[in-house]
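Multiple structures are listed underneath, in structure tokens.
Common to both upcoming complexes is chain A, partnered first by chain B, then by chain C.
This part shows the complex of A and B:
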């Protein structure tokens, strides 16, 4: 072994065409999008470091909001919206997912229609649902409930459908061989397999809905969001943050409990 | 072993009984009942809701204002731009944080603190962040970018940290063995191993953020959501309907393209 051989580093492998192209693509996209939103880093820093009531309120939040009657009612309404929306949506999501599978669909037309419904429901975000229901049904908690209902269907049916694709097909065959109808086959051969995952998706849907239920009020769909907008309009940031932080403390606790439960289930 | 216990064959298996099942059901039903009674939702309107929805659907989609397609596409592009820049900013902040949140790189105490910070950030919805950024940055797309950016740090940091904890230790040891500094250890021992998964998570988050940024406009943080909210408010349903169609088509389109790139990143070049 000569010294030259030791000193020489092995040739560095050249990056592949895909790496170069996607890197360049990402760079070009970043430049184009920065132009589209007038990205200005120095202006951003001065805007964010200027003394302002938003940050002052965040550093010194007013916790007394929980004792104000209106805020407390909005708070409870938010929780109730999340519970009902999740419960209703999850119940509907289960058959929607079951009858959209290859083995559960009574016929091809039903399957295609259900899949179409599923993907359209899924492609709209929570706040847009709320906006639509507010303009159809009017301002109030009912719109929020309907929005969360559809939103839960989207979340739970998507996750359940993914689980349904991966189940053991043996029990299905057994059910069909024993002459079970489509529905009783699904009930006895498929449901027991996915039930633990399904319940954990429902819990996950509840977490998401709880968070969504705080914001749908911003478009007039009930709950805590209406109070948030009220405080924002009056510039009372200390009260706004007090309410928001309390709410997310609740969300955080619910999430911890739900994660523990979900771990036990799956 | 020739006789078969007939009773055992015809008897159905005993259903499992666990104490927590009835308790869980009772809690769930009690919660639902409490919500049902407590919610002041004007239930009588629920009966009209299907008809109302049908009417709205007809107003939105029967006669869409196709002459406005160009404007709406510009708005949608702004939403996509907000989502992309927000994701990039979040990625830049989340990567160093994730090194500190990974148990195989940082100390126990550091990981604990950083993880709680990430959890906290994860709990706040983008819309709330946008409400906070709008007074600081004005009703501009930058408020949306910052809301998306800050809102994505928590999830990205957590996912990145999980990827980092799953790496192979050998390359890291190799860098240590040749006397690499801490920074070189990250650059040559860790980053090459995690880069594919991290970039695929970034793309995945971008897909989620396109939906989120389409919404942020509703409260004034730029993008197509604002146009949809305003046109709905002023009952220009033919424009709002087309806007919704564009949102749905664009999000599905972004999902398809970004999903294909993600699969290519994780799978590597296809052979044969």
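This part shows the complex of A and C:
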């Protein structure tokens, strides 16, 4: 076996110019930004080794928050926000995505307007939605609900729109040729094709919203985030960490269940 | 009644797919359109239900002037014209019955289709259509569980459920094997004869065309080059349509034997 095939393998092609240039570019950019913000690794080490009540709280979290009524209510509020926000947003996201497609738009004007609305909604992150509604309707769960509602529209309509681009167009042609109204055609020829994906996007949206609901609470939009902020303000780090770890556990469980369900769908 | 007068279709890019076509198809006729790929067969068929607009000329279908129709007029026209496709165009992820019910969409209120609650008489029509093509027992099966021939019969049932006066079939057997092709052609012919439905079928194979057509229409580069009964369609006529003599590729039986 002197003439092994492996020796006769064609040589590995040299990396393309684009790969080399973009790699170099990324390196240069990283170094430049690090200098611009005065990044200093030694400072990081001293900060982390200094005695720190926040880290101590993490090492000895106070689990008693399970029994606290106010914490439990905050938990339930967070779940409610995530469920309602996701459900409402997903219901609105479906027609927004369907009527913005080239085959589903009743006319050009509607299509352009819907695409504009979609891209505006999609460009705002969850925290910004929360800030927006906290300033508009005040501190509380309603702001959180509205924020998650719009955030769900963004997530679900984007994913659904991508799926809608890749469907089989044959049934659409059949619906049009049969004299169906636009909406009837979408319902019968398109919806069955995307339904499993759509349901899985709704579940995914719920996962994201559950996590987001903790963050948006920090700016006063209700739920568990507000409670976390409360402990932060009082410096009760052990209780804060207890709460955060409980929340982590809930998110983890919900995600596991959701992933199993989604896998069965598609 | 379908009547083309001096009808032309020019696509973006300048392809002249139909050229000054004059053609009249009477009620209840069973017409087969033959021609090379690119001759304009699909364009002719799609002009009839307004899927492809004429660039110039006239086209009258069931007393309507097709080029002048607005959106509502087009939907009314299409409700009277059933269409059968080469690729079947079924929704795989739903039942055979739901696919056939698409043929009733022109009549069922939109809110009912949204809820998936079809009126009983529309369901009855869909069931009757399935029965006519011999697959009523498959009504609750998901469409993607059927064989090719069965799928095309669902396609025919969907067109039939419209209670159309015209059926257009664009190469309905091009993705089927010879025995199945004959089954599908027999159903199309039988439905046309028994219900008096004007039927226009595009076919690639000449032997299949002569076997079923009352009348054959030959297209070549968008122009009508033959119009007559199947028995008149001899080797000379064939050359005028295809621009060359008959080969094994042009007949299904010989091709199947290869």
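Here, the second predicted complex is superposed on the first by the 249 of 266 C-alpha atoms of A that agree within 3 Å, B and C clash if a C-alpha of one lies under 4 Å from a C-alpha of the other, contacts with A are read in each partner's own complex, and residues count from 1 in each chain.
Assume a residue touches a chain if its C-beta (ideal position, glycine included) is under 8 Å from a C-beta of that chain, and two chains touch if they have at least 3 such contacts.
No experiment lies behind these values; they were computed from the predicted model shown.
Trainee: Quick one: name whichever of chain B and chain C touches more residues of chain A.
Mentor: B
Trainee: Applying the touch criterion given at the start, work out whether A:142 contacts chain B, chain C, both or neither, answering first, second, both or neither.
Mentor: first
Trainee: Once chain A of both complexes is superposed, is A:265 in touch with chain B (first), chain C (second), both, or neither?
Mentor: In the superposed model, A:265 contacts neither chain B nor chain C.
Trainee: Touching A:91 in the superposition: chain B (first), chain C (second), both, neither?
Mentor: neither
Trainee: Which chain B residues qualify as touching chain A in the complex?
Mentor: 28, 31-32, 34-36, 38-43, 45-46, 48-49, 52-53, 55-56, 77-78, 80-82, 84-85, 88, 119-120, 123-125, 127-128, 131-132, 135-137, 140-142, 144-146, 211-212, 214-215, 218-219, 222, 225, 228-229, 232-233, 244, 247-248, 251-252, 261, 264-265, 269
Trainee: In their complex, what parts of chain C are in touch with chain A?
Mentor: Per the stated touch rule, the residues are 49, 51, 74-79, 81-83, 85, 87-94, 98, 101-103, 105-106, 108, 110, 113-114, 116, 155, 158-159, 162.
Trainee: Write out the stretch or stretches of chain A touching chain B in their complex.
Mentor: Within the complex, chain A contacts chain B at residues 16, 18, 22, 29-30, 32-34, 36-40, 44, 47-48, 50, 52-54, 58, 76-77, 79-81, 83-84, 87, 119-120, 123-128, 131-133, 135-138, 140-142, 145-146, 211-212, 214-215, 218-219, 222, 228, 232, 235, 244, 248, 251-252, 255.
Trainee: For the complex, which residues does chain A have touching chain C?
Mentor: 168, 170-171, 173-181, 183-185, 187-189, 192-193, 195-196
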